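Shared between the two complexes below is chain A, which pairs with chain B and chain C, respectively.
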Partner chain A sequence: MTAMEFIEGPVWYAASAIFVLGIAWRIAAIFMIGRARDLSVSRRSPIVGAAKAVLLHSVPHGGNLGRTVYHFVTGYLFHIGLFALLLFAAPHVAFINAGIVALPWPAMPHWAFIIAAEAAFAGLILLYVRRLTDPVTRQLSDVDDHVGVWLTFVAMLTGCLALQEAHAGLRMLHMLSVEALMIYFPFSRLTHAFTFLLARVNTGAALGRRGFTP
Partner chain B sequence: MTSAASAIADAPARSINVQAAVDKFNALTNAHIASYLDACVHCGQCAQACHFHEVTRDPRRVPAMKLAPITKVYRRHKAPFAGLRRTLGLAPELSRKDLEEWEELIFDSCTMCGRCTVVCPMAIDIASVVALSRQAFVAAGLGPPDLLQAADNARDRGSPLGVTREVLKDRVEWLADEHETEIRLDKPKADVLLLISSIELMKYPRSVVAMAKLLNHAGVDWTLSSRGYESTNFGFLAGKPDVARTLIARITEAAEALGARTVIVPECGHAFGVLRWSGANILGRPLPYEVRHITEFLAQHKRDGRLRFKPIDTSMTYHDPCQISRRGGATADARYLLDGVASDFREMTPTGNYNWCCGGGGGVQALGRAAEVRHEVFRIKMRQVSETGAAMMVSACSNCRLTMDESKAALGWDGELESLVELLAVHLDDTASSAPRPAR
Partner chain C sequence: MVLLAPYAMAQSPPPFPAESYSGPNTAQGGQSSPEMWRDIRRGKSGTVVFPRPEGGVLIQSAGETWRLRHDTTVAYGGGLLLAVLGVAGSYLLVRGRIPIKGGRTGRVIPRFSLVQRIVHWFAAVLFVLLAVTGLLLLFGRYLLPPIIGQHAFALAASASIEAHNLFGPLFIPAVVALCVTFVRGNGYRGVDFTWLLKGGGFFGGHASSLKYNFGEKSWFWWSVVMGLVLSASGMALLLPSVIGDRSVVQLANLAHAIAALLFIAFAIGHIYLGTIGMEGALEGMTRGTVDENWAKEHHDLWWAEHKTSATADIRRAEVAAAERGDRAVWEAQR
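Right after this comes the complex of A and B.
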């Protein structure tokens, strides 16, 4: 077995298992903590409140756009760019089609890859600059915040370097960095990619039933 | 160092039971709270919505910072992979130093107004986490002495300001005579139990008279009860759940004895929030009555045609108490009451559910050491009112009113502050007849 076969074989399957099972456990464990039923008489539907919170908190609202425009723009640049790369980059589509499931969509053209990569890098770098320079985010940040950013950055960077598939080593480096990210993911704050939904639904239901979804 | 931090640092050495705080944090962390602690990405956007950060620019006075003590306990004890983190030494235990350093943030720097939730991309309800955190700090033996004393006064003497049953009877008798208004106390049976806040009775007694006048005019079958009269719940604000339960039980027993179907909370935001939305949960059973804020109740009677008001020419704006509007769901009622009454009504920006807090909610009003920062917060309100050009600011919370009155005096602001019920009572259209309900 070559090094590449090992990285794309056993290591990949191990990283995937840790990623999937880790996230599943992280979410299940939160549900398993449980909570008592709210005995107050609701004014409005908690289900509507939950749905509203999921949608409302995807964009600045309540007159706060001006105050949060930096995070809004850079956050969306990064996340849209990253997901576009993840799901539509030609090597990813080929990899998923070959080993996981046949995707019902085509790969994006090269020019779209460039735009998505630029958006993702710009967003991530600008968010990180903010984390390092703003007194509030500097105060709030811990090791996990920095490790998560750097692992993501390295995975994206090695992905761009491996795009042309000119050197097997670059592809190996990208696979390794992605696997490191997948293994780290469930134990870190990166799980906000899933838990954001829980938090929004919980607040939307709890406060929406009072009559206003914040 | 802020005056609050200095006061804490200068306080005599206290015995701190860290384990008690850890146990309490663990006991109070339910699935909702866990989802919040797992979702925060430390983006710091909540700072943009917090009045304490707005006026101090202190990077510690940020809502997300207040999640730190409970998060530390959660990650070590209850979070997924907590055992792994402990084994690897990645989840240190909460320390005495943590509790000492966070006390000011949890008690003095949060009014639990919930404005940060609006701006949070994860929608984390930090106010509810702060309320729980206070219980853990108090279990450890911490908490501001004046806030804790207010809770003990409420438990032992009937009210945080010492309004005992005797004082209540004396004040009600005096007010009824002075204002020639019938103020019903201890009727044996009534449809409606009216509560008062001791802030009103002692500092703004006209507010009690105004409520009596409006309810009498609307033909409501109501009474005050010396068995349960205090609406404020300093047990909740001070992190003393046993006191919170006692105070809710008193109101409930009084309402049950009267056969009251409705309990009206007067102009007090947190009193409404605690009884309406947490009362049943604290008591452990559904409340056997409906809870209405006075603005909700009066708005209903205006809709029914039982209350009519004469127009007021003075230009005015309305300050939304956070626990009645943003966290209470009754934002529209005050405006409905003012509709057609305030001839020149002007909204602040932002307003309604997004309004800035007065700076004194969540028990912060009771903290002498927080006065300085409260006054700074009031500058936001001064600016907001000034931008409307309104001559008068009206509100429906005596705690907001007291906070703003004190800051107004401290800063020499010449704007006019008014209570909504007092304003309505003065402008009641006496020519319109009410249709009284049959007496029970």
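Right after this comes the complex of A and C.
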């Protein structure tokens, strides 16, 4: 078995299993914790409260535009760019179609890949630079934040370095960095990709029931 | 396939004994035409079936000149970078790290706002990525194959060109933002030339300075000009089909290499002084504040304006720096 076969075989399956089971465990744990029964009389609909929380927290609101606009712009740049790369980049579409599931959409053209990559890198670098230089976010950050950012950056970078698809070594490097990210993912704050909606719905419903929109 | 109608060559010349061969066996009847080849060598354009810019040019002789100039640039550029590294290393060996002579006071002054620091580090991250990949592309073929082998170099070069092309366009808004964010206070004043005449205090004595000294101001304008040259030439190299004219692309290639080498050479000095070369300098760009004695020793005129904002409450000063930088003092003075 060659190194490439090992990385695309046993290591890939192990990383995928840890990723899927880890995320499932994190989500199940949230539901298993449950929450205390609210005995107060409902003032407004918790469903409307949940919907408001989900929508309002996706756009600047509450009169603090100046403080939040940076995070909204850079955050959307990074996340939209990253998901476009993840789901629509030609090598990813080919990889998913070949080994996981037949995707119902075509790959994006090369120029769109470049724009998505530029947006993702610009967003990630700007967010991380802010984290390091803002005295408040620097104090709030711990090792998990830094490791999560670096693993994501390396996975994105190695993917772009391998764009020519001319060297097996570069593909191997990308696969390895992605597998490292997948293994780390469920044990970190990166899990917010799967839990942020649950958190917003939970908070929005609880506060909405009390007649308050966060 | 370029088809030059006036000079069309026969597709399959008949076999002939080597000793009887007296010239190219072409549509010209086996006669070599010096005039024809001279015209081709001078870049005369013929006719092609599918017209496109420069499609009718058989030999673009300027490519040879470009290659020669490119190799010269590589040689002199490499020498320049080694010289700058040598000067910085020698200065460090002889003088050591420049300390805060009066020691740290424990009181800090806000110096750079959060916006300035974010813009600086965004540009710096891109600069490092572009410089490393660019230097590998420029010098790698001469230096790396004997060390890491041809295959590993091919892999590194392939990765470098992809990264360079990807991060390059991001550097354009970074340069513009750098220019807009830092332009205030970077105009030259009379005191800057006095600073220059005193050698910036690097060889003893004290040289007065405002917020930025002559060297820092020169670095700012150097970055803006080189950044713009790199941006324009880089886009020409990234989209050669848009430019069309090959000689413009060759010129862009040379301009890109020369501007990059000059930019990196100055940056080595900037990075040296901002990190290991001078105590207390880096924190201005990481935390936004500088020690009061550092300000007094290196930017005394700026310190005189801002000394009332010096505080021992470092965390509060960091937050103040993040929100306003040193603008509060200027605004109060107005």
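The rule is short, and it goes like this: the second predicted complex is superposed on the first by the 214 of 214 C-alpha atoms of A that agree within 3 Å, B and C clash if a C-alpha of one lies under 4 Å from a C-alpha of the other, contacts with A are read in each partner's own complex, and residues count from 1 in each chain.
Simple rule for what comes next: a contact is a pair of C-beta atoms (placed from the backbone, for glycine too) under 8 Å apart; a residue touches a chain by one contact, two chains touch by 3 or more.
Remember, predicted model here, so these are calculated numbers, not experimental data.
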Exercise. Quick one: chain B and chain C on chain A, clash or fit?
Worked result: fit
For this session: Return first, second, both or neither, reflecting whether A:Asp134 touches chain B, chain C, both chains, or no partner chain.
Result: both
Exercise. With the two structures laid over each other on chain A, which partner does A:Val73 touch: chain B (first), chain C (second), both, or neither?
Worked result: neither
For this session: Check whether A:Phe31 is in contact with chain B, with chain C, with both or with neither, and answer first, second, both or neither.
Result: first
For this session: For A:Leu55, select first, second, both or neither according to whether it touches chain B, chain C, the two together, or no partner.
Result: neither
Exercise. Should A:Thr191 be classified as contacting the first partner (chain B), the second (chain C), both, or neither?
Worked result: first
Exercise. Given Cα centres, how many degrees, to the nearest 10, is the angle at chain A formed with chain B and chain C?
Worked result: 110
Exercise. So which one touches more of the residues on chain A, chain B or chain C?
Worked result: B
For this session: For A:Leu39, select first, second, both or neither according to whether it touches chain B, chain C, the two together, or no partner.
Result: first
Seminar exercise, completed: Taking every C-alpha pair between chain B and chain C in the superposed model, the minimum, in Å, is 5
Seminar exercise, completed: The intersection of the chain A residues contacting chain B with those contacting chain C is 134-136
Seminar exercise, completed: Within their complex, chain B touches chain A through residues 29-32, 34-36, 38-45, 47-49, 53, 59-60, 62, 64-65, 78-81, 84, 114, 117-125, 128, 276-281, 284-287, 290, 325-331, 349-350, 353-354
Exercise. In their shared complex, at which residues does chain A touch chain B?
Worked result: 22, 25-26, 29-36, 38-41, 43-44, 53, 56-58, 60-64, 67-68, 71, 75, 131, 134-142, 145, 186-187, 189, 191-192, 195-196, 198-200, 202-204, 206-207, 210-212, 214
Exercise. Within the complex, which stretch of chain C touches chain A?
Worked result: 114, 117-118, 121-122, 125-126, 154-155, 158-159, 161-163, 166-167, 169-170, 286-288, 315, 318-319, 322
Exercise. Within the complex, which stretch of chain A touches chain C?
Worked result: 114, 117-118, 121-122, 125-126, 129-130, 132-136, 157, 160-164, 166-167, 169-170
